[in-house]
Structure formats: structure tokens, C-alpha cells
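Down below are the structures I want you to see.
Consider the two complexes below, in which subunit A is the common component and subunit B and subunit C are the respective partners.
The block that comes next holds the complex of A and B.
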């Protein structure tokens, strides 16, 4: 029993970080029909920005993290939109998909060449330690990660639901033409979405990298997980991405413990295929209607 | 086939026959792998460029083809049997995989194939008794045809070239058959195609299965070419690379995939001085290319040529109408 609890908690902790990346992924999809295949690399990169600022330039860690989040918002948000998405959006979805695949490759190779091809230890902000809850050993960083990630998502939900700007962003995502008629500056709203995605990726990166090492190839797995979480939960819902992320985190840990460590990666994939066959709009998603 | 295209085809084949002469084994190996990837990319071009479906599992189909061929030839049967088994297996798996995905929405094929590629990789890595696990399979024999041994690199090149020409011809035939026109109709306007009586789901499924079978053939070539296969060569990132090949070359163009494969396989050999930066430069160029010419290099070439060609004059009163 305590073992199960332990697995559930660490699963939820990892899942909440996946959810951060998945939420960003769905936000981009809603705002601009961008399927971002570089999302995994977006989560990989900020950790290296932190390392570059703190290890190479000698800034204190907290300052490096603030700068890194700022830089990710700038590079992965504003620059990405300006240089990649904006010129290409008129050509339709496919060229943009290809461009994001190429961008992922570019970021990965750039980190490998300019920083290091080896895994780098990444400092954790959080105190190490283990608590005992109902007989289960729970690590404090796990709890803290969960709280920070969920706090970010709840904050984002509040921003989107309770503020004027947030509701304008939702309107833009739901129906850009009508939103524009009603006086919403849709270009600005789409830009905000990209900035938020940059920030979410940076937070996810800083939370998840201490668990693994900072490595250029981290994005491959993370991107896939974010992608699957978004589809499983529902492509057009933030709640969906949240549930999808948590679900994948828990299932991943459960299958590693009880099914087989070798096939743990396959379980989310099978789940993905099942969801697509049974409920293609995702667990919480609403149907977008048939394309054909 | 008009005389002009036939002539072009013959000149092209002639050049390909002459290309490896007097070259080192390594260069011939590079050419072989270019032809092999061209076949796989051609298959994806059918799925993507003609039927308009994104498949992210082309590398896994190459993998299935390569493993099937290796297992058959290592068991002592002739390579031809292995190759046919590889093509058959990938075709059937393509049908089975595509059916549920295409039943729902068309972009779900991309998601399903993405998951499928990862699952295939895990199966290849974990089922050690059959696939050799992460050590892979080694020592696949090169085939012999009526005393013509393909063990020397040059001989093997001509085998690959023959298969390439056959594949290209089959591709050309499919594209110009009623099926091919149905594929194109589907890509251009699926609703209209359906209203004209094209069974869109069946046709898309067929395009995907045939595209996968091309990858199976590429795998059947890879096994005796490299004589060593391991799961890492068939992971998701390789599927993405093949997708990039097709799009960079020009999806929907006959020569697009061959050009795209050349950019990925042959060009790095000439650009050795760029060292580790080649992939970065390539990725950056792909992004720039997508901005200026989503039709790929072939599209870019066509744009360039159309600068010199005389444009058909549009009647002034029709100008508006043509835009509608």
C-alpha cells in the first residue's frame, strides 16, 4: 500500500511537470494552429541557459533562473513567433510542422556543439529530504515540484478566466474573426500565448532537469510525452492537457513498477492509440468536427 | 510516356550507371544508401505529397523490412524471398495501422504513426531472442543471382540501382494510374473528391500502405548493404529525417524525394569542412526554405524557371475571377 502511494505521488509530481509542457502545447495549438514538434527542445533549452548563466558567467543561481526564464520568453516565445511561425502560418499546417521539426533539430545540435554533448549535473533549488506520509517515503522535491507546477497552471487558469486580457486570449483562440470584430487585438493575444508558452517551458525545464541530467537529447522524450498528454487529455482544452499530463506521469511510474521496465515507454503509446480509436477528441476534449 | 520523358529517364539511368565507376568503396556505399533512402522517401512522398497524409513511421517500416529480410536470409533462404516478405509484411502492417487512424480524423495518422514508431523501436530493442536486442543482427549475406555475386560493392550498387529503377517506375505508374489521380484529387480537395465518388478513406489507406511497402523494400536493401542492423537506426528521429527529406526535396514532385535524400545523404560528404555544424546549417536552411518555398527545392526550382518562361496572358476581365 505504502509502495503504491509512493509511486502515485512521484507519478503525479512528474506528471505535473509534463502537464506544464502539454498545456503550452495546447495553448499554441488553440491560438495559432501550431503543432509544435520542438516543444521537447523548448523544455530542454532553458536548463542550459541557466547553466550557461550560472556556471559560465558566475551569476548566483536565483538570478540565473530569473534571467533564463526571461530569455526563454524572449527566444522561445517572441522570436519563435516572429521568425518561424508568423512567416509560415499562411502556408498552412504542414510547412510549419516541418519547420518546428527542423527547429528542434537545430536547438539540439546547437546545444550539443556549443555547450556539451555530455550530461551536465543541474543544481536543484529545493532542499533534499524525505518525509514519511502514511508509511510512504515521499521526497520533498517531488512535493515541491508538484506544488509549483500545479500552482503555475492554476495561476494560468485564473489569468485566462478572470482577467480581461485572459478572456480576450480565450476569445481569440475560440473564434479569431469574431474576436477581432469585437475589438480584440488578436495579434497581441496570439503573441501573449507564445510568451506564456516560453515561460511554461522554462519553468518545466528548471523543475525537471535536476531529476535527470541536463542533456541535449532530453527533449526527445519530453516532447513526446507532452504531445501524448495533450492528445490523450484533449487537444483543445487546458484542463485536458493537465489531466493528460498527470495521467501519463502516473501510468508511466505504475507501469515501470508493475508491468515491465523495458516496455514502460510503450504503455503511454498504447494508451494514445486506444484513445485515438475510442475517443479521438481526447478524454476531456470537445469534438472539432470531422475534417473530411 | 512521351519521347522527351523517356529520353530524360534514359539519360538519368545512364548517369546513375556511370556514377560509381572508378570510385572508392566508400563512395559507392554512400550512393547505395542514397538510392535506398530515395526509395523510402518515394514511398512517403506517395503518402504525403500525393495523398496528403503525414506519416511519422517511415523509419520503423524500414526497420521492419530490414529485420524481416535479415531473419529470412540468416535462416538460409534467398534474399528475394526475404525482400518479398519484407514488402508484404510492411504493406499489411500499413493497412492494419492506417485503418483505425484514418477512420477518425485525417491528421490522427500522424499521431498514431508517431506512437507506432516508438513501439516498434521498443519491440526491436527488447525482444532479444528474435531481434538480437540492442546488439542487433550481423552478417546478413549479400544475394547471388544466377552466378552474379553481389558481394563486391560495385555489383551490389547495380542491384540497388535496378531495384531503384523498378521502384521509380512503379511509383510513376501508380501516380499516372486512375489511383494516382484519385490520390491527387484527395489532396487538392477531399470533399470534392468524395462527392465525385472517390472512396477517400480506402484510397488514403491504400496510399499509406503502398508508401509503407516502399519503406519495406528500402529495409530489404539496407540489411545486405550495411550487413548490420540495430534498433537505433529506426527510431523516431530517423522518421522525422525522412519526412524532412521529402519536404525539402519537394512533396508531390516525382524527383523531390531523390533530391531531398541527396541533400541529406550525399551533400554532407562534400561539406566535410563544416564538421559538426552540418546538421545545424541544414536545419536552419530547412526553416528558411519553408518560409520562402513550402514546396521544397523542386518548388523553388520551378519558381526560378517560371521567371524565364513566358507566362500565359490572363485576360484582364478574368483577373478578378481567377482569384476567386
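The block that comes next holds the complex of A and C.
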């Protein structure tokens, strides 16, 4: 029983970080019909920015993290929108998808070439230790990861639902023409969505890399898992991406422990196929309209 | 004017041709990217350092070594293609690969072409296939693990052991060899957990180990996976002694896992911490040159190149067949062949024999606890 509880908590911890990346998928889709297949590399890159700033330039870790989040917002948010999305989106969704696949490869190979092909240690900001919950020894970093990731998503939901800017972003996602007629600066709202995605990717990166190690190939796993989570949960709902991320994290851990380590990566795929067959819009997704 | 130009061009061409003919090509097919880069890149740096030293000292039989690197990308099929490419490009002797999953595939190509191959792989199957051209630079798991079995039983007093291993050619070799060692020593294997190459999440595996009832954990995975496992074990306070063979206590794993590596015990064939001045000297030069510590892979690559030099000088020509024939049953003593760092012998299968060590990681450093005789 304690083993099961421990696996569930570890799964929720990993799943909450997947959810951050999955929410980013959802946001970009809602705001600009962008399916970002470089999302995994977006989560990989900020860790290397932190390492470059702290190890190569000698900045204190906390300062390196702040700068890395700022750079991620700038590069993975604003520059991505300006240099990749805007020129490609006018040619349709498919060319943009291909462009993001190319961008993912470029980021991966660039990190391999200019930083290192080897895994790098990455410091954890979280306190170490174990606490006992119903007889199970649960690691404090797991709980902290979960709390930070969930707090970020809840904060985002509050921002979107309770602030004027957030509601304008929602209006832009639901019906850009009407939003524009009502005076919403839709270009600015779309930009905000990209900036938020850059920040979410940076937070996910800083939380997951102490466990995964910083490696150029980390995006392969993370991108796939986040994409599946977004589809399973519902591509047009943030809460769907959240549920999808948590579900994938838990199922991945349960399948590794009780089914087969060899097929652990296949299990989320099977789940994806089943969900698409039974409920194509995802667990919490809606088949009509779009909403941030 | 034109005549002068033509003569100058001819002279340059002649000089270039002379320089080209005075080179002997050694190929290194290694994991320079992909999941095995933590092993292959370090192995390659060890090779590079040895080549530079040998070239500075006049080369082999007066010829400079032309080292060519081929990236297997940690993909067995790609490694096979790279070995074929190296053979097509007139390689004298082949170094690599490090990952056993690749070596078992590409060594067949080398064998068919009569190409001597010095590998860093440790899977027992490699020297069990009757390939007369394959030679190890490190023990096969079947030679190293019996030394570890008695440590687990006698020193740790562990009766029940959980095994976590990489589900690859390398990992299977270690797993199967450990099963035999455990059976012989009367050790019970209470949990048997395979993991995948490039696996990043070990939370479920550690949870299973915690509830397995084991007295100790035997880990047999490659560098980055070992580090991730140790980080997760530390995160979940696994609280069991972790032992392994070579990789788990290597400098690369210690660097990646940080404090989580402390307490790990391991049998190691080669270590920069060995109480052998030649190894310590090599490790110091390596660190000064590359800016990071040499581990067993660096030392394997380094002594592999020196082995090529000594054997070639012994036979007096760049003859691949003679090279392979001479290697079988050969012993090189470190006093007369300092580049091999320790006295070493190869048997008829290409398996290696030399002293080894038991180590424990203390404060982020390997500490030698025992020197074990060659077997």
C-alpha cells in the first residue's frame, strides 16, 4: 500500500510538470492555432540557459534562474512568435507544424554543438528530505514540484479568469474578430500568450532538470509526453491539459512499476488511442469553439 | 615563370604525398552523441591524448597516427555503418565501440574484414563469439562480478539483493553474470528490475526497490542512467547499500549525481584513484588537458592506443593479421610498456586480465578499499 502511494505521489509530481508543458501547447493552439512540436525543446533549453549563466558566466544560481526565465520569455515567446509563427501561419497550420519540428531539431542540435552532448548536473532549488504520509516515505522535492507546478497553473487560471487582460486573452481566443470590434488589441493578447508559454516552459525546465539531468535530448521525451497529455485532456482547455499531464505522470509510473518497464512509453500511447476513439475531444475538451 | 610555378607545385605535391604516406590511420568508432555520449566522448578524449603523446614521440614505426573519429550516435546499426566506413577508408586498427549493444553488431563487420578491434565494451558475449579480431580494454562482466559477489556476501553481509539493470546488451551481460555469481555465493535475488536505455524517470523503480525487502541493491546501468537512479534513490531516501561494477562509481557518474553518489561501493577495473603512479600521472595530464577528470573510459581509450603501438612495434609492420595473432596470449608489463599503465594480459578469446580494485565513493571521490589480484 505504501509503495502504491509513493508511486502515485511521484507520478503526480512528474505529471504536474508535464502539465505545465501541456498547458503551453493548449495556450498556443487557442491563441494562434499553433501546434508547437518544439515544445519539448522549449522545456529543455532554459536549463542550459541557467547552466550557461551560472557555470560559464559565474552568476549566482538564483540570479541565473531569473535571467533564464526572462530570456526564455524573450526567445521562446516573443522571438518564436516573430520569427517562426508570424511568417509561417499565413501559409496554414501544416507548414507551421513543420517549421516547429525544424525549430525543435535546430534547438536540440545547437545545444549539442555549442554546449555539450553529455548530460550535465543541474542543481535543485528545493529542500531535500523525506516525510511520512500514511506510512509511505514521500520525498519533499516531489511534493514541492507538485505544489509549484499546480500553483503556477492555478495562478494562470486566476489571471485568465479574474483580470481584464486575461479576459481579453480569452475573448481573443474565442472570437478574434468580435474581440477586435470590441476594442481588444488582439495582437498584443496573442503575444502575451506566447510570453506565458515561454515562462511555463522555463518553470517546467527548472523543476524537471535536477531529476532528468540537463541533456540536449530531453525534449524528445518531454515534448511527446506533453503533446499526449494535451490531447488526452482536451486540446482546447487548460484544465484538460492539467488533467492529461497528471494522468500521464501517474499512468507512466504505475505501468513502470506494475506492468512492464519495457512498455512504459507505449502505455500513454495506448491511452491516447483509446481516448481518441471514445472521446475525440479529450477528457475535458469541448467539441465546439475555443476557450483559453 | 610557368615552369617555376609548375616545379613548386610538383614539389609541394611530392611533399604532401610523402607526409600522407607517413601516416597510419587508427579509427575510433564511438558514442560521441546520443545516450552513450557520457561514455564515448570520454573514451575518445583518452584516445586523443594517447595519440598526441605517441605522435609527439615519433609515432608508430616512424609513422604519425592519423586518428579519425566516427560517431555511432549510440545506434548499433549506425555503428555498423561507421565501422564499414572506417574499413573502407584504409584503417589499420579499429578502436571502439564502448556500448556493448553496438559492439556485438559492428564487430561482425570488422571480423569479416580481418580488422583488429579494441573495444571498451564489457558484455560477456563479446569475447564468447569466437571472433579472433576482438580485444577488450576492460574486463568482461563475467570476470569482474565474481570479485564483487564476495564483497556483497562477506563485507556487506547482504543475503537478499535487489538488481536494477539496463535492458541492453551491456546490462543483460552484467545481469546474467551477477545471477551466476549470486547463485554461487548463496545470495537471494529478491527483486529484478530492468530499465530502459536513456530512461529519465526512476521514481517507480526506486519505490519497488524500497519495498523489495533487499539488504542491498546491485546496479548495472550506464553512466547517465546510473546518475539519475542515484539522484532518485537519494531523493526517496532508499537507505540501502548500492553496489555495482565500474560504471556506478565512475567519475562521470559522481560528477552527475553529486552528493547522491556518496556511499556507493563498486568493483572497478580501472580508476584514476588507483594507487599506481602511472595512472595518477595520466589522470592529472588528462584533467589539465580537457578540464574534467579521467574515468575508466578515458583510461581504457588511452591504454588501447598504446597497446596498438607496442604490438605493432613488436611485429615490425602494419600487418593486421599479425597484429591479431600476436595479441592472443600476449602479456605487456607496465615497466617496459608504460603506456598500458598496469601489467595486462589477453587470452585466446581477447578477454583481458589484470589487477582491479574495490572502491567506495566518499565526499564525491573514489576511495580504494582493496586491490584485487588478476583473475
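As a working rule, the second predicted complex is superposed on the first by the 287 of 292 C-alpha atoms of A that agree within 3 Å, B and C clash if a C-alpha of one lies under 4 Å from a C-alpha of the other, contacts with A are read in each partner's own complex, and residues count from 1 in each chain.
The rule we apply is simple: a residue touches a chain if its C-beta (ideal position, glycine included) is under 8 Å from a C-beta of that chain, and two chains touch if they have at least 3 such contacts.
Note that this is a predicted model, so its numbers are computed, not measured.
Trainee: Label the relationship between subunit B and subunit C on subunit A in the superposed model as either fit or clash.
Mentor: Overlaying the two complexes on subunit A (C-alpha atoms) leaves subunit C and subunit B fitting together cleanly.
Trainee: Does subunit B (first) or subunit C (second) touch A:172, or do both, or does neither?
Mentor: It touches nothing on subunit B or subunit C.
Trainee: Which holds for A:130: it touches subunit B only (first), subunit C only (second), both, or neither?
Mentor: In the superposed model, A:130 contacts subunit C only, not subunit B.
Trainee: Once chain A of both complexes is superposed, is A:32 in touch with subunit B (first), subunit C (second), both, or neither?
Mentor: Once the two structures are laid over each other on A, A:32 reaches no partner at all.
Trainee: What angle, in steps of 10 degrees, lies at subunit A between subunit B and subunit C when each chain is taken as its C-alpha centre?
Mentor: For this superposed arrangement the angle is about 70 degrees.
Trainee: I'd like to know which partner A:231 touches here: subunit B for first, subunit C for second, both or neither.
Mentor: Only subunit B is touched by A:231; subunit C is not.
Trainee: Which partner chains sit in contact with A:7 here, subunit B, subunit C, both or neither? Use first/second/both/neither.
Mentor: So A:7 only meets subunit C here.
Trainee: Quick one: is A:262 in contact with subunit B, with subunit C, with both, or with neither? Answer first, second, both or neither.
Mentor: After superposing on A, A:262 lies in contact with both subunit B and subunit C.
Trainee: After the superposition on A, what does A:72 contact: first (subunit B), second (subunit C), both or neither?
Mentor: So A:72 meets neither subunit B nor subunit C here.
Trainee: Closest Cα approach between subunit B and subunit C after superposing, in Å?
Mentor: 5
Trainee: Using the superposition on A, tell me which residues of subunit A are in contact with subunit B and, in the other complex, with subunit C.
Mentor: 112, 262, 265
Trainee: Give every residue of subunit A touching subunit C within the complex, in rising order.
Mentor: Where subunit A meets subunit C, its residues are 2-3, 6-7, 10-11, 13-14, 112, 117-121, 128-130, 137, 139, 141-142, 210-213, 215, 217-218, 221, 252-254, 256-257, 261-262, 264-265.
Trainee: Where on subunit C does subunit A make contact in their complex?
Mentor: 32-35, 37-38, 41, 167, 193-196, 198-201, 203-205, 207-208, 210-211, 223-224, 227-228, 231-232, 234-237, 255-258
Trainee: Applying the document's contact rule, which stretches of subunit B touch subunit A when the two form their complex?
Mentor: Listed in rising order, the residues of subunit B that touch subunit A are 54, 100-101, 103-108, 111-112, 114-116, 118-119, 122-123, 125-126, 190-191, 194, 200, 236-237, 240, 243-244, 247, 276-277, 279-280, 282-284, 286-287, 290-291, 294.
Trainee: Going by the contact rule set out above, which residues of subunit A touch subunit B in the complex?
Mentor: 37, 83-84, 87-88, 91-99, 101-103, 105-106, 109-110, 112-113, 220, 224, 227-228, 231, 262-263, 265-266, 269-270, 272-273, 276-277, 280, 288, 290-292
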